Every structure is written in structure tokens, then in C-alpha cells.
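Which chain is which? They are A, B, C and D, in the order written, and residues in each are numbered from 1.
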Amino acid sequence: MLVTELCGVTLKNPVIAASGTFGFGKEYAEIFDISRLGGISSKGLTLEPRFGNTGERVYETASGLINSIGLQNPGVEAFIKEDLPFMQKSGAAVIVNLGGHDLDSYLKGVELLDSQDFDLLELNISCPNVKAGGMAFGMEPATAGHVVKEVRARCHKPLMVKLSPNAPDLVGVALSCQQAGADCLSLVNTFQGMAIDIYRQKPVFDNVFAGFSGPAILPIALRMVYQVCAAVEIPVVGLGGISSAEDAIAFMMAGARAVQVGTATFARPTAMLDIIDGMEDFCKQQKLAHIGDIVGAANPGFRGRR
Amino acid sequence: MQSTRNKILENTQVTDTVYRMVVETGTRPEPGQFYMLKGWGDEGPLLARPISVCDADGHTVTFLYEVRGKGTRLLSKLRAGEQLELTGPAGHGFAIEKVRGKVAVVTGGIGFAPMVYVAKSLKDCQVDFFAGFRDASYQLELVRPYVQRIAVATDSGAEGKKGFVTDLFDPADYDFVLTCGPQVMMEKLAKACMACGTTCYVSLERHMACGVGACLGCTCQTTAGAKCVCKDGPVFLAQEVF
Amino acid sequence: MLVTELCGVTLKNPVIAASGTFGFGKEYAEIFDISRLGGISSKGLTLEPRFGNTGERVYETASGLINSIGLQNPGVEAFIKEDLPFMQKSGAAVIVNLGGHDLDSYLKGVELLDSQDFDLLELNISCPNVKAGGMAFGMEPATAGHVVKEVRARCHKPLMVKLSPNAPDLVGVALSCQQAGADCLSLVNTFQGMAIDIYRQKPVFDNVFAGFSGPAILPIALRMVYQVCAAVEIPVVGLGGISSAEDAIAFMMAGARAVQVGTATFARPTAMLDIIDGMEDFCKQQKLAHIGDIVGAANPGFRGRR
Amino acid sequence: MQSTRNKILENTQVTDTVYRMVVETGTRPEPGQFYMLKGWGDEGPLLARPISVCDADGHTVTFLYEVRGKGTRLLSKLRAGEQLELTGPAGHGFAIEKVRGKVAVVTGGIGFAPMVYVAKSLKDCQVDFFAGFRDASYQLELVRPYVQRIAVATDSGAEGKKGFVTDLFDPADYDFVLTCGPQVMMEKLAKACMACGTTCYVSLERHMACGVGACLGCTCQTTAGAKCVCKDGPVFLAQEVF
């Protein structure tokens, strides 16, 4: 009832753990049965290991979270050796999320990864926290198209490109990625936000701006998914603030083939299981043979396939 | 580690701002471990709050917490019989099986909470307990059965010695110092211990989002590279982090 | 301690009721002493009366509100006759908020208003709900500059221009408005968001997209105010999700000379009084002679005056 | 109209999903008016919830409410002694001073709530009370002293007549019909009344943000132009709105 096909990959259900919010799956595997998930997107990797940003890294806001992790990660090589094997055994579809600070670092990363065994590559051109996150690439249609095209040429896995809600012309970036050969898109990454410590009279984060996520952003993220789904034909994976089955279903009705859940997992580790169960209940209650039947149902301009 | 809904057996006010909560759970955490607590649904702060284990007996876990902001204020309003969402026990505690001989347990403010369970769990040691408070001590009776001596310092001098808890003793007189409290106090103490060769364990505090090692929001730089306070800590050997 | 000067107008304190959330002051005057406010910005006016949008008009989200009012208003003439006199007697600075669907309707509106007695004109080039809201003008530096310049030439009141957070190049729009003669800027208006009714499989709002406000948006709004304050020299009035004195102070430290409060008033009618009292307490506690001393304190790039 | 914090004197469960709350306040609302209720601080839904006056006596106001979502669920958890933020009394009620003669009060579901106070407040009238519920009635004893006759319809037929409450009587037999319930039921009833010349007042429901006429979120189109349900209503003459 929930089985979903995404670029030739079969997901048990359309619920994927979002990059950077689920590590490589190990921590949450101690808490619940992660094989029930549709997929897991790895912590964002870079070619070289990174310590990440200094100073405060997380700050709670009204129904939201601002983070300045700065892509702390062990680097692609260590990941392949130490973390990928665990992900392969998780029972969920394996998505590897890759960032980069220049074209070369993306391409070297892809080269190392391409021969490995996993399901989808998620190209992160949208992390607002560091240059290495590639948001610079994700801001303009032309630069986004360029990096996607080069990666596409060297990557034999299905390619998902993760878009930034901070792009001035998001639909343009989406179209450009499709044109350049992306197999599907995921959106949104975090919004650029900030917080000020009024007692220290300073921004909370050393980097001043940081990435904003969680239920607070849902109305904007949903609007963006709706707009992109009315423009592109490739599948879209929707995310941004999803914390309940109702939220996930709304994204699918906007046109998303699958969804990712990030911050909500921090708030309740088993949130994704509740979302999966809730989707199944919804199908039964609404007499839907398949959750895929609702994809794009609320979006008259939906251009994808169901 | 588990994520469960547990019944609150007791939630009582201890001082103006400090509460004690007893929750039903069969897990046996280590001293120094903590749980992520959430006593509200989608209405309330987004994230759970990290609170240390103040006591545990295989049937219940006790928390001692100070109301600082929204989350702890909501916790304080829960009543016996209501449910609490618990994730844990999280992190690595004090390696108490390695602790022997003369031990100073040193606390500042609500850093007192985890050290109750630590004092209770130490075996074959002579334990002196040094506790710093703002104006007045609380819940000292919880540790009294397990320690040789208790000494108190307060900022105001209203009780015990006026001044820093670290002025109450000389770390050189001890084999081990175990501490939880404000970062500045722990840093000062850690440096004094390192200077005189006393082994010192500190319990760090960081803002946390997940509490389980997934978000990398609580990283600290250690001699062994970047570590998560929530998963690799909160307890570290002093020289690893200061 | 809280007295604030804004473009030559003296405000009792820096707290202004945001347009569209306070009517013309009458309703809340029944509930509290509105003369305690620094200022009141009127419901957004248009030259002609408007019924506004059909269908659902308000929808609550996590810490946020989506509205699709669509500038329901009595029109400039009826406002001058029936509502302005009340505002003039309110005891707070009177700000008249004006929208338009084309240059001509803006200019005719300004012409009617200019001879009236009020303190500031707030030019709305940012309402996302209707063409008449002028968001079309607020999206690009050139069009924004054009309408501001034409209005400036016909307007003898201090001119505040209200910016849209949906503008792809917000800083460019801000600079262009300054260049065209705006005396100050207010930001942000609402974000474009949406909601889906999953049981009807349709967008909640007849217009699909609607305006998103409230505490949820604060981190993004604050970031935008910070960025604009590092670019322009004219005073900035900050808003977007403010619901406490701490929030208001954060916007001022980012560089805002004054603040507006909208959605929070719905949540608690007396929210602005608590904010004013809280600002005063903050000054005392932090030993500040004047709240203005903190303006821009957390923004090293702040280009305005204190 | 005021915005105040008031003490809850009672908050009891009446059925599976319906609660009754009594709050201390000296104001005397008109029948058909409502308050915006908030029983939570910044933690909880952003907006207050509109709930009609079910009874009032100059010292207290009583609300009868159904748990539908987050806001009403949080209301249901409040206890006697706790505080409630109230804004109101809001809107214009039933112009009961104009109502005379034979009156039918007609309710559907929780639309029952305001009509208790309406039935109680009518003077010099013969009142018949028609109430529709899903499965079972509740709190009918509150109206019994004030009316000549009570008749019940339920969707399931478990109590009273199975079917629509509007099938229980003929509007032509009455001088006035006063109603609160689902929009479809009210529309049907209003049209029947207009057809036979009976004066009908309806109490409308809209999603509300401010509840006081400031946001224009609850506008409805009437013969006299756009009106705010919260400020100009919630009660309207049937022919103004249908």
C-alpha cells in the first residue's frame, strides 16, 4: 500500500530520514527498527573530513531549529570504510548525500562513491552553513546546471539533487537541474536564518547566519514543492517541517513522490514510524489502494507521473 | 537506549525553582547518564530537554531539575499519573568502576543532580562531597548516607562558606575528583587537578537537539578529535577537554 | 527611556501595531489603552474599496498564521472620512498603509491622502495576497524604485516603504528604495506560504498561496533585517514574528530603529504592552539610558545612525 | 470587551468528548456572545479559540465545549484553580429583547452550547427546544427549566428520533426560530423559515484569528455588505446571510 518507486529504486514506503538528522543510522538503530524506513540519507559528506563550525551549533526557536553544524563529517573515504557497510545492512534504501566546495571536490567525491553499493546519490548544492555545502552552486540555474551535468557524466547511480529554498529563482534552478540530467529533486534544505543573544549583544552563531528547519517552515516549504512540481517532470522528494502523517500527505498531494523527515526525529525519535503508520491508516480510511494515488492530487499543474 | 512513554510517580517542588520527579522505568542507567525528557505533545517546545539521572533503583528513575525556561517550566507542571516521553539512558557516565581511594565529588548549582547518583554508586571509596549553591543547599540528605563529609559553599554566604566551592578543599588531597557544574568552575578545578596529578572527570553541558549523537549539535573538541557531548560524554577526562 | 525618533516623527516608544492586524485601532481600543503604543499602522488601503478574497482567510500553523485577507478595506476616501479621525485621536503616531494595483492607483491614493493630517505614509509594495497589494512592484529593484520615486514626488509626509521577504534580491530592492527617496523602510511583510486540506485534496485557500506570519518566521525575518541594515543608511523598522520584548530587542540589535508587531496581537491582545514594559525593564536591568543605544549593536555592518 | 486572566472554578468531563468549564468573571455577556479562550502560554497553539457562553450569572461564565483538536484538548486538561486567558465577551448575540411568542430553539451538535443560555434568557415566550446529536444527548437538564418541550434527534437513532433535527417540527408553527449548528443544517432551516415567513436568527461559525474584528479573517458576505462574523455576528438574521 505504501511501496514507492523512486528513479527505479523500490522504497518500502515513501518516508526517508533526511540528511544530517539521522547520522548514518547507527544511533537511532539503538532506539527503533530502522529497517521500517523507506530510506536513509546519510549525513552530508565532503571529500575531506571536516570538523564543522565553532561556537553554538543548535538553537531552538518557535516550532523551529537553527543549526550551524557546518558539515562535520568523516570524509568520503572513511565513510566508505566505516559507515557505508552499516547503512547497507539497515534494510532501508541507502542514499548518500554529498556536498563540495568546488566542482573538483564534488567530482572526486563522486568518483570514489560511484563504484560502491548504494541506491541513490543525493547531491547537496544547498547547505547554507559552509562554502563546502555548495549553496553557492544551488543559488543560480546556470551554476546548478553545470555541477549537475558534470556529476551526471561521472555517476552511474540515480541522481537526486537537493535544492536550496534560498535560491532567488528556485523553479529556474529546478528546471536547470532536470535539464542537466538529474533523475529527481529533493527540496527543501534549510532556510537561512539567524538568532541574536541579546545579553551578549551578538549573533548566537559564530557564522552569524545558519540553517533553519522544523515545523515552523512547513508552509513555505510546501509552497515551494508545489511550485516545483508544477514545473518539472522528474520526481520530487518533498521535505521541510514534516512531523505528522498529515504533513507528509500534504507534501505528496502537492506533488512529491516521497518525503524526508529531519528535525521532527529530534523532537520524537520514532516520529517517522508514526508517519508511516498514519499514512497506512489514511489509505485505509480514504479507501486508497496505494498512497501513490494521491501524488499531485491537490496540484492542478502537477507535471510528474503518479 | 529506548524511547518510551513512562508514568510519572511523583513531581514535587523542592525549592523555589527546583523540582524532583520520579518516573516509572525498569532500566538501570549508569551514574552520569541522562535522559531526553519531553512532557508535552506537539504543543510545547520542539525539542526534548536533557536531564541527568539523580537516582535510580531498577524500578524508577529520579530527576532533580531547575526551572530555567519554557521546557523545564512545563516539566514542573506535570503531575503524578501523567506520562513523560523519555529517550535514554543516553551518553557515557563516570567510569565509577575505575574510581578508588579518596574521592572528592564537587558540584555547582544544579550540577548537584547527577552527583547524588554518583555518590551513591561509588564502591570502596572514601567520598567527600563539596557542593556550591547560590544561597542555600537542598536535598543534601540524599547524599549523606553515602559520603564521609559534606561541605557547602554559597555565593551569598547565607549557608556554609561564602565563595567558591573550589576553595573548600585541595585537589592534591584526593585520588579522584568527579565534578559537574558551571563550565568556568569545572575548568578551574580541572586545571588544578591536572597541575597536581589528581585524576579528574568532568560532566559537560552543551545545547542539544537530538541527545543521541545524530545531529552533531553538541560537538566538543577533545585531544581525540571531535566528540559528541551527548553520546561520547557528557563525562570526559579533564585532560581530554581542557 | 523608550522615546524614539523616526524620520522626524516622535514615537513614545519603538513599538508600532503592524498593518492589517490592528484595523484602524477601534477594536483594540475597547480592550486596552492604545495611546500607550508608539504608533499604529492602518489596515492596508487601496484607492477603491475592496471586499477581499473569497473562501478561507485564516489558517493556523505551527507557531504561525497564514492569511488570505486580500486587502479588504473601505477605500481611501471612506477611510479619510470614517476612520482617520479616530486614528488621529488615538494618541499614537498615525501611519497610513497604502497599496495599489498599478502606478496610477498608488498616485491617486497618495494625492487624496497627502493633505490629510497623519504622521507617516507606509507604502505597501509587498502584499502577496492580491495584485492590488503591489507585491509585483516589490519584487524587483527597478520597479520598486520607480513606484517609490513617483510617490515621493507627490508625497509631503515622511515615506516608509514596506518590503517583501519574497523578493529574490531584497537588499537590491532596499537600496533602490533608498535611492528613490524613501525616508525609511519596514520589513518584512508576509512570506508566501500555503496549506493543503488533505481531506478535500485541495489547497486551503482559493488563491492557493497566501501570506505567512507569526513567531515561526522570526529567524528568517531577523536575518533579512540584519542584511538590509548592513546595506542602507535610512532607518529600518523591523518586524516578522515578534511576540516578546526579547524578540523586539533582537530586531533592534540587528539594526532596526523601531519594530512592528502583528500576529502576536491576535494571540494576546495586550502583547504590545508587555513588549513595551519588557523593553523598559531591559533598559533598567542593563543600565541603558535609552533603548536607542542598542540599535545595530549586534550588527558590525550596521550603516544607519543610532 | 476585556482581555483578562480568570480563575477556573470547574472543568469537568460531560461525555467522551464534551467538557464543561466554569470560570470566575463578573461580566454579564449577552446570550449568543462568545469569548476567545487561551489556556496556555507561548507553548501551545498560537491563537485563542472561540467558545460561546453556555451560561452566565454575573459571577461566573460557563462554557460547554467539544474536544476537536489541539486547542480544545489543551483546554480539557486545565484544572480548577488554574488561569484562563479570556478576551470578550465578543460579538453580538441573539436580539432576545425582540423575540416574543412561540419560539423554536434548534441546535445541532455542540451548537447546543450557546442555546442553553439563550433558552434561559428568553422572557415571555413559549419555547420549544429541538436538539440534534450524533448518538446521545447531554446536559439537557440545563435547559429543561426554561422550555415547554424538548425533542431530540440523533444521527444514529440511538436516542430520540433518527434523522435530522429539522424534521422534528414545522417552522411555520413558530414566530421565531433561533439556531446554532452545522452550516448545512442552518441553511436548510433558514430557507424553510424564509419560505413560511418565520423570523429566523442563525449563529455562524468561521475560522477566526483575532475574534474582535481586527484581522478581517472571518468575513461573510451579507445583504448589507461584508461583515465580520466575530464582531458583527456571530448571530445574523437568516435573510442577511442565506
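Note that in this section contacts are C-beta pairs under 8 Å (C-beta built on N, C-alpha and C of every residue); 3 or more make two chains touch, one makes a residue touch a chain.
Quantities reported herein were computed from a predicted structural model and do not represent experimental measurements.
Taking each chain's centre as the mean of its C-alpha atoms, subunit B lies 46 Å from subunit C.
Each chain gets a centre from the mean of its Cα atoms; for subunit A and subunit C, those two points are 34 Å apart. Separation between the centroids of subunit B and subunit D, computed from CA atoms only, is 52 Å.
Across the assembly, subunit C contributes 62-64, 214-215, 243 as residues in contact with two or more other chains. In subunit B, 42, 45 are the positions where the chain touches two or more neighbouring chains simultaneously.
Taken pairwise by the contact criterion, the protein chains form one closed cycle in which every chain touches exactly two others. Interfaces, counted as pairs of touching chains, are A-B, A-C, B-D, C-D. On the subunit A side of its complex with subunit B, the touching residues are 20-23, 26-28, 30-32, 43, 51-52, 56-60, 63-65, 67, 69, 72, 214-215, 243-244, 263, 265-270.
Interface residues of subunit B, counted against subunit D in their complex, comprise 40-45, 70, 74.
Subunit A makes touch with subunit C in their complex at residues 61-64, 66, 168-169, 191-198, 201-203, 208-209, 212, 214-220, 222-223, 226, 241, 243, 246, 249-250, 253-254, 282, 294, 297-298. Those residues of subunit D that touch subunit C in the complex are listed here as 1-3, 38, 42, 45-48, 85, 87, 207-219, 221, 226, 231.
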